[in-house]
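Heads up, the next two complexes both have subunit A, just with different partners, subunit B and then subunit C.
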Partner chain A sequence: MDELIKLHAATYKELLKNYMNTQDERALYGVEKVSKAFIKENILPEEIVNLHIDAMEEVSTNLNKDYKHSMNFLLEAMISYGLAMQEIQMLREEKHVLESEISVAASMQETLLGTTKPSIEGLDIGVISVPAHQMNGDYHHFIKGTDGSLGIAIADVIGKGIPAALCMSMIKYAMDSYPEESMSPKSILKNLNRVVERNVDPSMFITMCYAQYIPSEQKLRYSSAGHEPGYYYCAKNDTFKEIKAKGLVLGVSPDTEYKEYELIIEKNDMIILLTDGVTECRDGERFIESQEILSIIRKYAYLPAQEMVDNVYKHFERLQDFQLRDDFTLLILRKKV
Partner chain B sequence: MKPQACVNIHKEWDIVGARQLGREMAKDLGFGTVDQARIATAVSELARNIYLYAEQGQICFEIIDTIERRGLCMIAVDSGPGIADISQVMQDGFTTSGGLGAGLPGVKRLMDEFDIRSEVGEGTKIKATKWIR
Partner chain C sequence: MNLTVNVVEENEKSVLNVSGEIDAYTAPKLKESLLPLTKKENNKVEVNLEKVTYMDSTGLGVFVSALKSTKENNSTLTLLNLQDRVFRIFKITGLDEVITIRAAIRGGNE
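Showing the complex of A and B:
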């Protein structure tokens, strides 16, 4: 570092001499560059003041006493700035370490919670889930039953970031441990509720909707634990209807029972499941209306389901200046035949 | 290595006296202007800690002059409340200064060597040394 200081010091002196004689803008541009080099090498402000004092001694022969004292005074005033600069540098490095730890955790989470979108005859599925920060507190999962049915879980932890993400891993492993057959939406929620109640801090809440599509009966069975499931699009009438379901959020009381609902699905009908990261998108300070979401979905309804959800996400990402406030998950099922 | 000069700290004005003594010794030893200012700031920080938290204590300066190297060592001793969690006070951003770069991490940066011992209810002893480059 000392060698570098000497090199920059020489340049500084040269530029200063030049400026004293000419007051030329080029010298000022030069010192801007030297100054950046100093910052890059973590040269502290008191060292620069000292460099200036030395340089002036060489450049000028008639420096007066007052000037010299004043420069020493300035140097003294710079010491605390130098310390603050070093502290910030250290905090910046620590932040960097934390960020890379979180990004490892985030990719681990992706692997742990990963679910593949199944292909089911006669069903077009689109899904997108984007975290507001690095880790996702939303969760969705597909379970393809041996009887041809499709189970869909969608959940949201109140809160976001790392604690929310840790919670979701638990949900996923609890669900994995259930035998896939004989699990109806209401019994899945009932079981998960017990797991959450026992294992999660009371200040954390998880809302969840579990839906099961049974192709042979053209039927969707679903239950909700405090989760606004989303919307149902009826192709015959060309209308959207809110899917209504009542149920207590997971983890509040150990013996909660859940109600199960049914919906008959016909050709070109759509089921739209989402989390509140979608419904609570904001345009400036204003929450968007559900009509807005539906009109955007309608706008892209001519596309395949995956392109639909991608485009809807892009629309709201843009509306929120590319800064999501909450994790965003949107899932669309369309019956093709 | 033997103690060469000490300053008692019990009122704010004593901080100035300690700074001055530290600076003069540093100057006599041949430290440059920047290091003199750094040493004075470190003295200031240690003396202010004594004044604020321990009410009474002492800062002593020793000149270290061996064949290999020369430097100035300062030892701040107080019989104040002591520090329960040293790791915490040595953390950046923790200090009561509200992250202005000062505090004990600041002293550590200003000096080349830094050591702290503290017992709750008994007091704190901090030793810091700067070498002439």
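Showing the complex of A and C:
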């Protein structure tokens, strides 16, 4: 026993003596503090019982035999508690190791899936992606084509946590391997669907929206694989419209074909893409409806796109009982000229 | 919030009455009851979701693996009485076109 523990043991004896004589409550308060110190030093319950037995021998001269036997009995009964405590200690350490491994994996994922927001003349882009847990199952990616077009992928893998995050790396590398000339949204989704169908667990699948902006034609071409619909803001009429696109999620059926849609974009129009973490936010028991999200976007629409998405997220984060149940990704494009 | 699953077996048909919320925590329970039923040859599996108030994408994952399993085992899967919020995510994901969904109550989907 080191010095500190000896000191606490002495205090214990002192307090016990005091209490036996006076039944003063201050002694009870004192022993509470001592027991906390014991816990901190990982002193096992049976050691405390042992200490108590020793202390009683010193404090009292007329201990009867029954009492002494009973204390030895109690000592034995405490041993399993001691073992359980040691086990908890071990689990705590293991948990700590796991946590640090996950955080290494999370930062690796960030590097692997990293994408830079491109700067495109006349286009203002804002994006925020917040994982609900350590690893993000949402994914977004920008691909700048040599013809001046911009490819935007936003995806959500169903299934959470680490397996979901690993799955996303597969998507990214599959996409990187496609030659640029075959990059129409519907063919990208068709190809990815085959990759996902062959390679992931049956209970896992991916929703994705792939959009391609062609500045020379002021046109957005897009296809959706079961992804949460985005919104189109028309500046001329000051209205939001759901971007409707039908298509089966990736990974369910091998020969799925995807439809491609087109949208003409004019000055100050916006394209809003998101994942269902945005529409599945809850404030206590209440779901946050899409109308509410749009009204918040409208509130911050005077800001540059990046500040807009940051502020929308902050708005929801500030709600009193806000809980992020799923990863949250919000991406806004605005045509400036 | 909890999830309860109660299975009624009839001849060549199994009905699962599910109530509560289906999310990452409760989905394994649903999977445990549902998957073995889809593995019986020629079994008709019906899942009644009338009392399911919330389902997230993990729930969809369970139904997708159940669907795949019915195809391998010659059984069928039908979902019944979905609440609007639940039906919406089947619709968005396009899964309403590959999974049979039937509304038996008035004011339901379809």
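Quick note on the criterion: the second predicted complex is superposed on the first by the 285 of 337 C-alpha atoms of A that agree within 3 Å, B and C clash if a C-alpha of one lies under 4 Å from a C-alpha of the other, contacts with A are read in each partner's own complex, and residues count from 1 in each chain.
The rule is short, and it goes like this: contacts are C-beta pairs under 8 Å (C-beta built on N, C-alpha and C of every residue); 3 or more make two chains touch, one makes a residue touch a chain.
Please read all numbers here as calculations on a predicted model, not as lab measurements.
> Which partner does A:D24 reach: the first (subunit B), the second (subunit C), both, or neither?
In the superposed model, A:D24 contacts neither subunit B nor subunit C.
> Where does A:D176 make contact in the superposed view: on subunit B (first), on subunit C (second), on both, or on neither?
neither
> Is A:E87 touching anything from subunit B or subunit C once the two structures are fitted on A? First, second, both or neither.
A:E87 sits against subunit B, while subunit C stays out of touch.
> Once the structures are superposed on A, label A:M204 by its partner contacts, choosing first (subunit B), second (subunit C), both or neither.
Second partner only.
> Quick one: name whichever of subunit B and subunit C touches more residues of subunit A.
When the residues of subunit A touched by each partner are counted, C comes out ahead.
> Is A:N50 touching anything from subunit B or subunit C once the two structures are fitted on A? First, second, both or neither.
first
> So, does A:E289 touch the first partner subunit B, the second partner subunit C, both, or neither?
neither
> Which partner chains sit in contact with A:E217 here, subunit B, subunit C, both or neither? Use first/second/both/neither.
Touch partners of A:E217: none, neither subunit B nor subunit C.
> Could you say whether A:D326 touches subunit B, subunit C, both of them, or neither, answering first, second, both or neither?
Touch partner of A:D326: subunit C, not subunit B.
> Of all the subunit A residues, which ones make contact with subunit B and with subunit C?
Shared contact residues on subunit A (touching subunit B in one complex, subunit C in the other): none at all.
> Which residues of subunit B touch subunit A once you look at their complex with the stated criterion?
Counting only subunit B, the residues touching subunit A are 32-34, 37-38, 40-41, 92-93, 99-102, 105-106, 109-110.
> Would you tell me which residues of subunit A are touching subunit C in their complex?
On the subunit A side, the touching residues are 156, 158-160, 201-205, 207, 225-229, 246-249, 252-253, 276, 280, 287, 325-326.
> Inside the complex, what are the residues of subunit C that reach subunit A?
Within the complex, subunit C touches subunit A at residues 23-24, 31, 56-58, 60-62, 64-65, 67-69, 85, 89, 92-95, 97-98.
> Applying the document's contact rule, which stretches of subunit A touch subunit B when the two form their complex?
For this pair, the touching residues of subunit A are 46-47, 50, 53, 72, 75-76, 79-88, 90-91, 94.
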